[in-house]
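In order of appearance the chains are A, B, C, D and E, and numbering begins at 1 in each one.
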Amino acid sequence: MSKYDIFFHKISLIISLALLWIMLSGHYTPLLLLLGLLSVIIVTIISSRMGLITFDQPILQLYFIRFIPYGIWLIGQIMKSNIDVCKRILNPNLPINPCLITLHLSQASTFAKVVYANSITLTPGTISIDLEDSSVEVHSLSATGAEGLKTGNMDKKITHAEAAPYV
Amino acid sequence: MIVIYINIIILFLLIITSIAINQQDNLFAATMLTGIFSLLSASLFVCLDAVDVAFTEAAVGAGIALILFLGTLASIKYKEKVKNKVSVSGLLLVIPTGFLLIYGIHDIPSFGALDNPVQTYLADRYITGSSKEIGIPNLVTSVLASYRGHDTLGEVTVIFTACIGVLMLLGRSRGDYRGIVDKEES
Amino acid sequence: MEHHLVLSVVARIIIPLIMLFGLYVQFHGDYGPGGGFQAGVIFASSFILYGIIFGVKKLRSVVNPTIVRCLAAFGVLLYIGVGVVGILKGGEFLNYNLLSKTSEVGQHIGIMIIELGVGITVASAMIILFFAFAKP
Amino acid sequence: MSNIDIISGALIVAGSLSIVVGLLGVYRMPDFFTRLHAASVIDTLGTILILSGLILYQGFNLVSVKLLLILIFILITTPTAAHALAKSALHGKIKPILGDD
Amino acid sequence: MFEISTFIILFSMFLALVSAIIGKTVYDKILAVNIFGTVTVLFIALFGFLTKRPEFLDIALVYALINFISTIAILKFFEYGDMSSSSIEKEEGDI
């Protein structure tokens, strides 16, 4: 990781922490803003000591912005599969057909892989149970959920969001 | 009115949880139920309008307490030795004490009543005086840090002392510690 | 647990946020719920999360246990120091009114400093406890 | 009672009912992994509906920003915990019940 | 509306508590505690609106941020038997 990247990540961390402080605080007196600046600097120093900033791929808080369109799409998917799972639970026959499938990952960065795994877990009906470097093992409640993942729609969306230009 | 019903329900859940904790012989499961107990008591404090206490319970219960319990479990056995025998002398002690405590309830002023001793002069003094004398919005902080500053100093000292105590007990390396336990067991 | 990919990435994202939230609670004790004790515990729990996921050895290289022990004592000393300043200015122990020209500003400064002392002591005490319980 | 209040109230009640449905699923499901699916109904549908109902009720101000932050943090942390739980259970002695497909 | 859903949530707290008590394996119990945590966050957020005092939200925020620490600590403890090891030192069976 080059010096430029680390610098960019530090700036990104500082900006996102400052945004978080402004959202939390609600009191914008000079004293509290000064304390906020101090806190952001302390947290940045400790995070870089912990090695949270150096990471093999561009991950950090501001990077989330790229994933906002994806997140909105994801919430729609979550709602859809929630209705499906709720129907299955409320059905007296409990029509479930659990299966394990292995999916191939096409993302380059670890962060995008983790986003993919967590999106799978967030969508009810499918849970990622093992994330390796190039594949993810998924437990699915029904065959339809597994089919939906096998079409690779979510995979493509994340790869697309990952490759988007820097904000 | 509705808050009182919520309080009663949460108290009921707390009772169930504590009985369940008592009945577990697997200490691991008991630890997890303790986590639920902490979540419930935080909700109860929220219902009783004790925001700062609820905050403390939330932070300590979610962040630290369970981890310290697990750390303790790591150095002891998971299963509790169950004694099925009912101890008669203990029962003789516990039942009269319980009755005495219930009898004592009659002397305590009723819950939330306006003419409680604590609300007649002290709370009034804090509520009216605080904004003039201290000038910060959160009353709890001004009581804790300013009116009762000596108490808080005592509390901090207690935490510090407890920390030193734990260090004296567990501070040496685990190897020595294990050695002692093994010798005692063999 | 470091090569548990999901946990390590999520921890990298969430640890700074927990730390910042702890400091927010520390400095907003005057306005909302919270204060030194809660802030110290939340701040320390971010270190504990780091220790759980990346190992105590790494945590030890980030925060030196000796320095943490000194900080625990420093917090108490800071609290007592504010009290002693009150005596030196000709008042009673822990009299904040004398810390500044007007009593209101003095109270504000005094409360903020002693809350900071409480926060430092509690955070260090929790980290020390974690070190003591999680021996390598 | 305005329209927005009615919509937000409906969202909140629907969210709390979905929590009950999720818990019903936890009771009905045959093994641990399928129970995790039912639990994720609570973590997603329940939180999204209730918190978005509260945001709608509140309108846009600092409180609703905090509600949004709670929603985001829950959506980050709960799948992580569920994933860790599932992985740990798979490495433990628990074998998932698989259907015939 | 708030009243109805508060009581429904209290009822689901009861259900989660029962499932924690009757859960057979350790994982079931951890799952129940996890569910209970989420439900508590929602309860505290709702209660703040019920009593028209939304400053309770800070508590819900604390739980949303740090409640999963205890879950992960339990899992780690269950795999390794203590808190200290990182998986670099101990290769077999990472969590």
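Keep this in mind: a contact is a pair of C-beta atoms (placed from the backbone, for glycine too) under 8 Å apart; a residue touches a chain by one contact, two chains touch by 3 or more.
Since the structure is predicted, the reported quantities are computational estimates derived from the model, not experimental observations.
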Q) When you check each chain against chain B and chain E, which touch both of them? A) C
Q. Whose Cα centre is nearest the centre of all Cα atoms in view?
A. E
Q: Look at the interfaces A-C and D-E and say which one is made up of more C-beta pairs in contact.
A: D-E
Q: Could you find the chain whose CA centre sits the greatest distance from that of chain C?
A: D
Q) Using the average of all C-alpha atoms in each chain as its centre, how far is it in Å between chain C and chain D? A) 33
Q. Using mean CA coordinates as chain centres, what's the chain A-chain D distance in Å?
A. 16
Q. Per the centroid of Cα atoms for each chain, what is the distance between chain B and chain D, given in Å?
A. 30
Q | Distance from chain E to chain A - Cα centre to Cα centre, in angstrom | A | 20
Q | Where chain D touches two or more other chains, by residue | A | 22, 24, 36, 43, 66, 69, 73, 76-77, 80, 82-84, 87
Q. Where does chain C touch two or more other chains at once, residue-wise?
A. 4, 6-7, 10, 13-14, 17, 21, 25, 31-34, 38, 42, 45, 48, 52, 54, 58, 130, 133-136
Q: Provide the list of chain A residues touching at least two other chains, using ranges where the numbers run on.
A: 20, 24, 26, 117-118, 128, 131
Q: If two chains touch, include that pair; go through all of them.
A: A-C, A-D, B-C, B-E, C-D, C-E, D-E
(Q) Show me the residue ranges of chain D that touch chain A in the complex, using the header's touch definition. (A) 18, 21-22, 24-25, 28-31, 33-34, 36-38, 40-41, 43-45, 48, 62, 65-66, 69, 75-76, 79-80, 82-83, 86-87, 90, 96-101
Q: Under the touch definition given earlier, write down the residues of chain B that touch chain C in their complex.
A: 51-52, 54-56, 59-60, 62-64, 67-68, 71-72, 74, 133-138, 140-142, 144-146, 149-150, 152-153, 156-157, 159-160, 162-163, 166-167, 170-171, 173-174
(Q) Quick check: in the complex, which residue numbers of chain A touch chain C? (A) 13, 17, 20-21, 24-27, 32, 35-36, 39-40, 42-44, 46-47, 49-52, 55, 59-61, 110-111, 113-114, 117-118, 128, 131
Q.
Residue numbers of chain E touching chain C in their complex, please.
A. 55-56, 58-59, 61-62, 65-66, 69, 72-73, 76, 82-89, 94-95
Q | Of chain A, residues touching chain D in the complex | A | 20, 23-24, 26, 75, 78-79, 82, 85-86, 89-90, 94, 96-100, 117-119, 121-131, 139, 141, 143
